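There's a structure below that I have some questions on.
Letters A, B and C mark the chains in the order given here, with residues in each chain numbered from 1 onward.
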Amino acid sequence: MLLNIVHGTESGGFIVVEDTVKYSGREILKCFINAAIKRGEDVHVLGFETSEAELRAGLDSSSGQKIHFHKGHPDPLGWTCKSSVTVQQFNTPDITRLVQNTPHTKAAVLIVDSLSFILRHHQPVVICRSLQELKKVGVVKTIVGLLHSDLHLQGVVKSVCHLANAVISVAPANNEHCGVAKTTRRTKSGKLMQEEEYFDVSEDAALSVKTRTHQPGHVQTEPDKPKADPTSNLTFNLRLSKKEKEAKEKVALPFVFSQEKKSALLRPTPGTGRITYEPDAYDDFDEEDPDDDLDV
Amino acid sequence: MFPELNSILSSSPDSFRSGDFIVLSDRQADASFLIHHYLSFYLRAGCKVCFLGLVQSFSHYSAVSQRLGVSLTQAREKGQLVFLEGLKDSIGVISQEESSQSKLPLSYLRSPGAGLECLFKFVESSVSQNTENEDGEKWGPPVLLIDDLSVLLSLGVSAGAILDFTLYCQATICSELQGNIVILVRREEEDVDDEGSNLLQKGLIHQCSLALHVEGLPTGYCRDIHGQMEVWWRSREDAMYNQRKVFHYKVHDKGASFFARGTSSALL
Amino acid sequence: MAVPGIGMAGPAGVNTTSFQKKSRSKLVSIPGTRPSVQNGQLIVSTGVTSLDYVIGGGLAVGTLLLVEEDRYDSYSRMLLKYFLAEGVVCGHEVFLASDRDHPDEIMQELPSPIVDEVGSVKTKEGQAQPCDQENQDTMTIAWRYQNQPKVQNALASSVRFGHYYDVSKTMEPEVRQAVKCHSFYALQESPTTTELSLLSSPYHALLQSIQSVIRKEGFDVSTPQSKVRNVLRLGLHSLGSPLWGDDLCCTDNPTHCHALTTFLYALRGLLRTSLSVAVVTVPSHLMQNKSVMGQIIRLSDTAIALESFRGSEKETNPLYKDYHGLLHVRQVPRLNCLVCEVPDTKDLAFKLKRKQFTIERLHLPPDLSETVSRVSKIELAGGCGTTATGNKHLDF
C-alpha cells in the first residue's frame, strides 16, 4: 500500500508523513517528489526546515523545471529578508497565489517541509482550516506534509492526522538499515486500511518495499559461508570408515519391536490391558518365585 | 581536547567534518567537560569561534582551557575568539539600568516573548566580520559554541523561539558558511512533564548530525566511573548512520578518559 | 569568576603570559578565607565544619549555595544562622533577607561561638592517636586488616577551618554589632504588578538592594582597590515562598513562573563579579511544579537538600534513631577546573547536637534485637564419662 500511495495511483488528498527522532521521514518526502516528477506533475515545495540543496540531492537533475522550490529555508521568519516565502504566508490565499503564479500544466503536488515548523508559529486550528480549504479549492491535488510527532502534544498530532487521507508513520526496523512504515488509509467511502511494511530508500530517492515475509534480523544478502567441518583437527577420531558404517547399521537397537508386537499395540483393544511380553536374547526367563529366598 | 574522544568520533583538529551540528545533552550529570573539549579542539584547528557563555564567566573557561593547553585570552586578543559574557552583561539588563545598544544581543532578557532575533544578529555579525588574522591568513570555518541553551528556558524564552534561533544559526553557519555548531542543553527527568527542556532537546536532535548524551550510571553512583556517554551518529553521509554506542567516562584534571562499558581501570 | 586565590592577576586581565603564579603580591588575603587545596580558589566556611567537608572544603567566594528546606524549616534555618554567625566571627559583612521573621530577629538568634573549647577538641583529637597505636599493636588475630584505614564516620578535614557554636546560647550583642549588617524584609515591599519588569516586585527590589550594597561597600571586583578587601555574606531565606509575592508554591501554573529563576540568574552574575558568597534556602517541598526545582538547582553552584525525620514515619524507624535527618548532596560545582571533588558516598545523615552539627555517613547499626537466635549447646562430654559440670555454651 505504501508504494501505491507514494506513486500516486490512488487519488490525492492530504497525506501526513509522521516521524520521530529515531528515524527521519524526509527520505519519504523525496520519494514523493520523485514519483510526482515521473508522473509529469508539477511539484511545489515549501521548504522551511532544510535547504533546497539538501532536498534536491538524489533527485533527477533534468527535472529542474518541474520542481518549484519556494525557499523559506535560510530565512523562514523574515529576519534577514532573504527568503521568498515566510511562515506567515501559510494561509489559503497566499499559497493559492504562489501556486498559480508559476506556469503549470497539470494538477500540482504541494510538499510541506515541515508541518511541525508551521505548527510552532500558528494555531493548530488555523492550520487545520487552511489545509482543509486548500484541499477543497482544488488548486493542488495532493498535499504531503512532514510532521515530527515527538515535538507536539499528542492532541495536536492526532488532530492533524485526523484530517489526513493517509498517514505514514516511520520507525526504525530492529536490526537493519531500513525502516518500518505503518500506513493507515481512509478511503472516501469510509473504509479503513492499515498495513505495516519494511522499506528502504535508495540514493536516488527510489522507494523499495520489502515483502512481508521478510523477517527482521535475517541478513539475506550475505551468502552462507561453507560450514567448517567440525570433525577435522581433533585429537580423537570422529569419522567412520565404510565398514564401520555398515556394522553400525546392523546393530539391533533396543526397543525395536517386532512387527507382531507393533500391530498388537496398535490394535485398539476394548479395555483389557494386555501385557505382551517378548523375551529378547539376553533375558533369563525363570519359573522360580524370587520370594522363596526370603527367610521369614 | 580529549584524544580518546577524537578517536571515538574519528576526527582531529587537522581533519574534521564541516557543516556539523553537534548537540551535547545531559540528564542528572554534567556535560560541560565536553564543551571544554570542543572549545580547545576548534581553537587548535584554527577556526573562528563564537562562544556564547551564558552560565559561567570568561575566567572559568580560561582557567580550564589553560589546563588543556589553549589560551583563551590570547585567542580573544587575536580576534580568533568572540566571547559573549552572558552573566556579566545581563545584570544591567535585568535590573533595567542599562538600555544601551551594546546590550542588544541580550534583549531577550527584557522581553522574552519577542524571541532571539537580536542574539542571532550578534552571532551572524561575529562570524562574518574579521575573518583574517594578523598574518593575513584566513581563519578556518566559523564555529558557534553555546553553553548552555536551556538556561534561556529559565529566563522565560519559549522552546519554539529557541528552536527558531538554532534553525537560523544552522542555515547561516552550517549550510552557507560550512562551519560547525556545538550546543549544550540540559535535560530534565523523563517522567517530569516538562514541555520546555525535553521539547527543546528533541527538536535539536531532529536537526543535528551528532548527538552526545551524558548520564549517570544506571546502576547507581560510582567514584571511579563518573557516568556514561551515548554517541548517536545522525548524519546520512556517515557510515554509522543512526547507530548509537555507549561509553563510560571518567573526568580528571587535564582531560577525560573514555572506555567501553565494563573496561574501567578500576575493574580490570 | 569565583575569585581565584593564588597567583592569577586581578580582574583587568592584563595577562600577557600565563606564568604569573609566583606573584604573591597579588594574593587576596582576607580574614576568614583560605585558598582551596584543589584548585586554589578562595573559600570561606559555611559555619558547619562537616558541611564544609561534604561540599569540598568550603564555599567558594563568588558562588551560591542552595539549601532545600526540610518540612518545618528547623534545620535549614539553623544552617543559615550558622552561616551568618561564621560571618560575624570572621569579620565579614552580612546581608540578610527574609520573609517571615524580621531580619533583626534572626540576627538576635545567632548561636554564640565556642572560643575556649577549640583547644580541648584539639587535644581530644591528639589523644585519639595513641589509642589507634595501641589498637594496631593488639591486632593479633585480625592482623591482615591492620593496614586498612579505620572507618571514618564523622566527616572532618584535618585542617581546622571554621568555628564551633553553642546552640543553646545566643551571640552577645557586642560581638554581633562589630560587623556591618544589611537587611531586607520582604513584607515591607508591597507587590505591585503594574511594572513591566521581568521580576516581580520584591525580587526586583531585593536585587537592586544587593547591587547597591555591593557597589557602595566596595565588593565589586572591577572597582579599584581602595580599602582592605572583605567578603560579603548574603543569606536569603525562603525564596519562592508566597511571602515573597511568588505563587510558585501555590499553583501548578504560576503567573510569573520565571521570576525566581531570572532572579537567581542575575544573582549568579552579581556573585561572579564581586567578593561575595550567598546561601539561599528554598521551600522545595511546597513546589508543585517539579521541573522548576531542577532549573533552580542548575542555576546554583552547590545544592544540598535536608530531609528531617520529624513528623514522618522515619522517626520511629530504628535505623535512623541516631540521627535527625538525611542530607542529600544534589550538586557540587566544577569551578575553574574540569573535575570536582566527588564525595565518597551519597548516604549522609545529620544530627544537631548542642555544640556541633554533625554530618555522618549513614550506616546500619548492628542488629542487637532479641530475635537473634543463639545456639547454645551443653558440653558433649557424655561419651568419655568424665563429669561435665555446668553448662558450657558453645557459641559459634
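Note that in this section a residue touches a chain if its C-beta (ideal position, glycine included) is under 8 Å from a C-beta of that chain, and two chains touch if they have at least 3 such contacts.
A quick note: this is a predicted structure, and the numbers were derived from the prediction, not measured.
Asker: My parser should flag the chain pair with the most contacts; which pair should that be?
Answerer: Chains joined by the most C-beta contact pairs: B-C.
Asker: Using only alpha carbons, which chain's centroid is the nearest to the whole structure's centroid?
Answerer: B
Asker: Let me spell it out: compute each chain's centre from its C-alpha atoms, then which one is farthest from chain B's centre?
Answerer: Of all chains, A has its centre farthest from that of chain B.
Asker: List the centre-to-centre spacing of chain A and chain C in whole Å, with centres computed as mean CA coordinates.
Answerer: Here the centre of chain C sits 56 Å away from the centre of chain A.
Asker: What's the distance between the Cα centroids of chain B and chain C, rounded to whole Å?
Answerer: 31
Asker: Need the CA-centroid distance for the pair chain A / chain B, whole Å please.
Answerer: Going by mean C-alpha positions, chain A sits 36 Å from chain B.
Asker: List the residues on chain B that touch chain A in their complex, please.
Answerer: 117, 120-121, 124, 160, 163-164, 167-168, 171-172, 175-176, 199, 202-203, 205-207, 241-242
Asker: For the complex, give me every residue of chain A touching chain B.
Answerer: These residues of chain A touch chain B: 21-24, 49, 51, 53-54, 73-77, 79-80, 117, 120-121, 148, 150-151, 172, 177.
Asker: Given the complex with chain B, which residues does chain C contribute to the contact?
Answerer: Touch list, chain C to chain B: 1-2, 4, 8, 13, 15, 18, 39, 197-199, 204, 207-208, 211, 258, 261-262, 265-266, 268-270, 272-273, 290-291, 294-295, 298-299, 334-339, 342, 344, 346.
Asker: Spell out the part of chain B that touches chain C in their complex, as residue ranges.
Answerer: 30, 32-33, 36, 55-60, 63-64, 66-67, 71, 73, 87-88, 90-91, 94-96, 109-110, 112, 150-151, 153-156, 186, 188-189, 192-194, 196-197, 221, 223, 226, 251-256
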